[in-house]
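Each of the next two complexes has chain A plus one more chain, namely chain B in the first and chain C in the second.
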Partner chain A sequence: MNDTLLDIKDLEVQYVVDGEITRAVNGINLKLKKGEVLGLVGETGAGKTTTALAIMGLIPNPPGKVTKGNINFTNSENMKIDICNVNNKALLDIRGSKISMIFQDPMTSLNPVMSIGDQIKEGVEIHQPEVNAKERAKEMLELVGIPKERFNEYPHQFSGGMKQRIIIAIALACTPELLIADEPTTALDVTIQAQVLDMMKDLKIKFNTAMLMITHDLGVIAKTCDNVAIMYAGEIIEYGTLRDVYKNTQHPYTMGLFNSIPSIDKVEKRLKPIKGLTPDATNLPSGCKFHPRCEFAREACREIAPKEYNLNETHYTKCLKVEGCNEYKESRVIDDE
Partner chain B sequence: MGSYIFKRVLALVPILIGVSFLVFTIMHLSPGDPASLVLGEQATAEQIAQKREEMGLNDPFLVQYGNYVFKYVQGDFGQSYVSNRDVATEILSRFPNTVTLTIASMIIAIGIAIPTGIIAATKQYSITDNVATVLALLGVSMPNFWLGLMLIIGIAVPVQFIPTGGMKVAYTLFGNIKIPTLGSIILPAITLGTGAAGIIMRMTRSSMLEVVRQDYIRTARAKGVSEKVVIRKHALSNALIPIVTVVGLQFGYLLGGAVLTESVFSWPGVGRYMVDSIKTRDMPVVIAGVIFMASVFTIVNLFVDILYAYIDPRIKAEYKKG
Partner chain C sequence: MMSNYILEVENLKKYFPTGKGVVHAVDGVSFKIEKGKTLGVVGESGCGKSTTGRAVIRLLEVTEGVVKFEGEDISKLSKKELIKIRSKMQIIFQDPYASLNPRMTVGAIIAEPLIIHKLTKNKEELEAKVKELMKTVGLSEKLYRTYPHELDGGRRQRIGIARALSLNPKFIVCDEPVSALDVSIQAQILNLMQDLQDKFGLTYMFITHDLSVVKHFSDDILVMYLGQEVEKASSDNLFAKNYHPYTKALLSAIPSIDIDAEDKIIQLEGEITSPIDPKPGCRFSARCSYVKDKCKVDNPVFEEIEENHFVACHFAKEINGL
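Coming up: the complex of A and B.
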C-alpha cells in the first residue's frame, strides 16, 4: 500500500501586485507520509505560509496564483486529488475535514462575535452531518483542556493560550489526515508553548494525524518532528530526517541557522548571525539564491542554480559546495568590491 | 444592562437642557414680536403692550427661560401662537406621518445599500464595485429637494396615480396612525432613501472590506465553509457595528423630520410643521419641536447602543461592567 499522503511536485506560487511579480514559492518538492511530522523551517518571507495556504487551496486570488506544479493529496480511501487542479466543491470538501490548519495568531484567528462552541461545531456540521456536532465540539474542548461548560463563551473571554487550544480543537474536530500548523506557538509565552506542543503531540498520537509544522523555531522542530525541510527564498535547500539535518548539517544556510542559536555547552561571547537579509522575492538573485549571503560563495554560485543533491536516501541539499562539482572548485571566490 | 440604560436616560437631561437653552436664546434674539403675532395686524399699541405683559415678555431673559422649563417639566408645552392649540398634541399628531415616511425610506435605503455594499466589497475594483461606488457618491451628493423636484416633474406629473404632493390616506390605525397609499409615499421615500442608501452602502463596503481581510475569515474558509456562508455568517456579523451606527444616525435624522423633503412633497410631518412654524415665528412650536427632535434623536441613538450589545458580545461585557 502506498502510504504517501501528500506529494508536492515542483510547486510555484507567485503574487502579482501592480504588475510586479513576487515569487513566493519557487519549485518545491515535498512528500509527507501518513502519520509523519514534517518541520518546515525558514525565515520570515521564505514562503512557508504560502506553501501551507497552497496546500489548503487558500492562496488569495487575486493577487496570488499557483503558476506551476501540483499538490497531490491521497486520502485514506486512496482517492487521489490534485489540489491545484480541482473544482471548488471538492476543495471545500477537503478543507477542514481531510486537511486542516492551525493559524499563527490565536488572538485574531477566532471570530469575535461567535461563541467558541459554534465555531468548533461549524466544521463538523459541514463535513459530518451524521455526527452530533455539539457533543463533538464539547468533546474537543475537553480534549484540549477547556471545560465544556464554557461552550457558549466568546473568544474575548479566553487567554491567548486557551484561544490557541480552541483553534486546535477547531482544526482537529473532524479528525483530519493532515494538520498544517503555521507557527502554532510563535505568539505564545514559553510556558504555554510547551503545553500546546505537548498537547499537539498527544493528539497526533491519538488520531495518527500527519503534521506539517511550520516554524522558525528550531527547538520546536527538535521537540516534535520526524523530518525537516529548510526553506530559503521559496526553495527547500535542505531536507532530511531530524538526525540528518541536526547532526549532519550540510547547507551553509542551515549551518548559519544553528549558529544563530545560543548553545548551552559552549562559552560564546557573541552569536554568529547570518549576514544580510532575506532576498526580496520580487528580485531574487541568480544562481543559488543564498549566494549573496554565503561565506563559501564562489562565482559559479552566481551562475548555476544548484539541484537537489542526495547525501543519502533521506537527506538532500541544494548547494554546489556540498555537491563538490567541478564548476565550483574551479571558479574564484567572489570578491566584495 | 438595566443600569446602563438608566444612566443613558439620565444623560438625556443635560442634553435637553442645553438644547432648549440654545433654541430659546435663538428665538429670543430673532426679530418679531410674539404679542403682535398673536393679536394680529389690527391690534393697537396698547393692546400689544398689555399682551406682552400678560405673556411675560417683559421679564428678564433668564426668568422667561425658567418659566418655560418649569412648565415643560410639568408636561405643559404651551399653545401655538398661530392656531392656539396645544403644541404637544399638534406635534404628536404629525409624528406618525414622519415615522411612516422614515420607515419607508429606510426600507428602500437598507434594501438597496446593504446588498450592493456587500457585492461591491466581495468584488472589489470590479465593474459592479465601480458602478455602485459612483452611484453611492451620486446618492450622497444629490440635494434632497432637487431630487424631489425632479421626481415630481419626471414621474408624478406624467403618472396618473402618483400625486405630486400631500399624503393620501389608505386606512387609519388606532384613530391617528394613518397609512398612506403607496403612490403618495413612494416618491418622498425614494427621495429620502437615496441619500441614506449612499451613506449606508459606502459604510457597508468599507466595513466589509476590512473584515474580509481578517484572520478569522481565513479560519472560517479553512474549515471548508462555503464562500456564501463566509460572507453572510462570518463577515457580515462582524461588519455590522459601523453599518448599524450609520443606519441609526440616518434613522434619527429622518425621524426628526426630513425638513426639505417633507416641504417639497407637502408631507404632513413634523419637519414641515417646523418649517411653517419658523416662518410664522410660532415660538412655542419651534422650541417644543426642536426639543422633541433632540429627544427622538438621542433615544434612537440609545437604542442603537443597546443593539450593539446584541451584535457584539464584547460590547455586552463592557456594558455589564459599567
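Coming up: the complex of A and C.
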C-alpha cells in the first residue's frame, strides 16, 4: 500500500534580483506520509518558508522560480499531481481544499474588513459547494474553542491567540489532507502557545491531517512532531524520527543548535554558540555549506559536498565526518588565516 | 554607608489614561537590585515588564512611587539633573532593526552619547574610543563607516550594546535583547553580555518572555502578571519550587526539548484580562484553577513565604501544603 502523501524530489528554488541569484532551496528530498507530522527546523534564511511556498505553488514569479525537481502530491483518491508542473486551475483546486497553510503572523493574515465567519466560510463555498458553508463555519469555530455567536465579529475584536485559532479554523474548514503551519505559535505567549498546540494536536487526530510544522523552536517540535528535518542553507542536513535527531544527534550544526539553547533542566555557566553567521544565499560556500562555521571542518569539507548518509532506515545526515570517508580522514584541519 | 543596592523601587505605578479608561500598566511594584547582579523580569505580553523597565530609568514619567538609583530618588529629578545620572543607566532595546537610526553610520551611532556628554577631547580620541568599544563587543573595525541596514540582526544588536556601554554605565536595562535573533546568534549575544558584566561589573535588569533565557541569565527572577508582582525568588529556587498558580502554569508551558520528559502542562483557561480600570481582587483569579470567593474581592499581599521567596497569593500555603 502506498501511503505517501507528499514526495518532494530534488527541489531547487532560486530568486533572481538584479541579475543576482539567491539560491534559497538547493536540492531537497522529503517524504510525508498520510497523517504524519513533520517538523522543519532552521534559522532565518535556511529556506523553510520557501519550501512551504513551493508546496503551495505560491513562489512569486518573478523573482522566484522552481529551477529543478518536483513535488508530487497524492490525494485520497490516489490522484497524483506534480505541483511544479500543473496549470493554475489545478492549483486553485488543491489550495485551501487539499493543502492549506497557516501563516506566521496572526495579526496580519486576516482580512480586517470581513467578518471572521465569512472568512471561514469563503473556502468552503469555493471548494465544497454541496456543503452548508455557514453551518460548517460555525462548527469550525466551536472546534477551535470560540463561541459560534461571535460569527459576525471582526478580527480586531479578537486577541492574538484567538486570531490564530480563527486562522486554524479557516485552514481546516475544508478538511485538507496536508496542513502547512509556518511558525504558527511564534507570535504567541507561552501559555497561549500551549493552548494552541494542544488544540492543533486534537484536530490533527480528529481529521487525520498530515502536517508540516515549520519552526525554529526545537521545544515546539519535540511536543508535536513524529519526524524532523533540519535545514541549513537550503539543504536538509539531518533527517530522522524525533528520537533519532534528538537523542542520537549527528550533524555538527544540529548539535550546535541544541547547545545554543539555554536549558531549563540543567545548570550551565556558559552557552556554546555556533561561531559565525548563516551564509549569504547569493554566495554560498563550496563543498559542505556549513564548513566555515564547523568546529570539525577539514580541507575535504571545503571541496566535497556531502551526500545523504544513512545511519539507519529512518535517519540520515549530510556530513563527511559522520560518514567517516577517507577523504575526510586524510585531509588536514583548515587553518584559518 | 552606601547600600548594596544600585536600584531600589518602591510601590512603582505607571498609569496611562486612554479614551476607554485608565490602563494600569504597572500597579504597585517594589524590588531591589544588588550591585553586579541580574534581575530577570518575566511575564507575558501586556504584563507591564517593559513599562517597568522604562520607568526605572525615567524614559517614562512615574505616576506614583519611588525609584532610588544609588540611594537617590530619581523619580522627581529635573531634566538637567537627570542628564547627569542618565550616563550611569542605559537601555538595550528589543528590536535591533528599529532602534538604530538608519541614516547614521555605525561609528556615528556609537559616538553620539560620547559627544552629548562631552567625554572626549577631540576627533581622534573620539574615533579611538568608538573603535575600542566596537572591539569590546566583537564588531570589526571595518564596519565603522557602514550603515545598520548592511548588517545582520546579531551585529546590529552588538551596535546597540556598544552604544549602551559607551558612557561606562553601572546599570543597564535589557528589554528583550535577544528575542528578535536566531538561536545560534542569541547564544553569542548572551555570552557577550555575560562577559561584559564580569568585565565592567555591570548590573542588569533583564526583561524577557523567554523563560529558559531568563533562567540561564539571572540571579533573581521576578514574575509579573497584569502590572503586579506575582512571585520573586532566586533563579534556581524559582524553577525548583514555585508557589503561585500562575508561575506554575507559566513554567509548565515551556516546551521542553527533552522528548522523554513527561507532559505536565497546566493548561490555563482564557487569556490575560484587560488592564483598564481593573477590579479589586487578585488579577489572576479569572484564570486560576484554585480560585475562591476571597480572591475576587481582596487584593493579595506580596509577602515572604520563605527566606527570599515572595508570593502574592491568598492561598499559597494551602495550595502548596505548607
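We adopt the following convention: the second predicted complex is superposed on the first by the 335 of 337 C-alpha atoms of A that agree within 3 Å, B and C clash if a C-alpha of one lies under 4 Å from a C-alpha of the other, contacts with A are read in each partner's own complex, and residues count from 1 in each chain.
Keep this in mind: contacts are C-beta pairs under 8 Å (C-beta built on N, C-alpha and C of every residue); 3 or more make two chains touch, one makes a residue touch a chain.
Treat the numbers as computed from the prediction; the structure is a model and nothing was measured.
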{"item": "Clash or fit, chain B versus chain C on superposed chain A", "value": "fit"}
{"item": "Chain B versus chain C as contact partner of A:V333, first or second or both or neither", "value": "neither"}
{"item": "Chain B or chain C, by number of chain A residues touched", "value": "C"}
{"item": "Chain B versus chain C as contact partner of A:V16, first or second or both or neither", "value": "neither"}
{"item": "Partner chain in contact with A:M79 - chain B first, chain C second, else both or neither", "value": "neither"}
{"item": "Which superposed partner A:I205 touches (first chain B, second chain C, both, neither)", "value": "neither"}
{"item": "Partner chain(s) touched by A:A222 [first = chain B, second = chain C, both, neither]", "value": "second"}
{"item": "Shortest CA-CA distance in Å separating chain B from chain C in the superposed model", "value": "8"}
{"item": "Set of chain A residues, in rising order, touched by both chain B and chain C", "value": "none"}
{"item": "Complex contact set, residues of chain A against chain C", "value": "43-44, 159-162, 189-195, 197-198, 216-220, 222-223, 242-243, 246-247, 256-265, 267-268, 270-275, 277-278"}
{"item": "Parts of chain C lying in touch with chain A, wherever the complex brings them together", "value": "44-45, 152-154, 182-188, 190-191, 194, 209, 211-213, 215-217, 236, 239, 249-259, 261, 263, 265, 267-268, 271-272"}
{"item": "Residues of chain B defined as touching chain A within the complex", "value": "214-216, 218-226, 234, 237-238, 311-314, 317"}
{"item": "Touch list for chain A against partner chain B, complex", "value": "56, 58, 92-97, 100-101, 103, 105, 108-115, 119, 122-123, 126-127, 154, 156-157, 167, 170-171"}
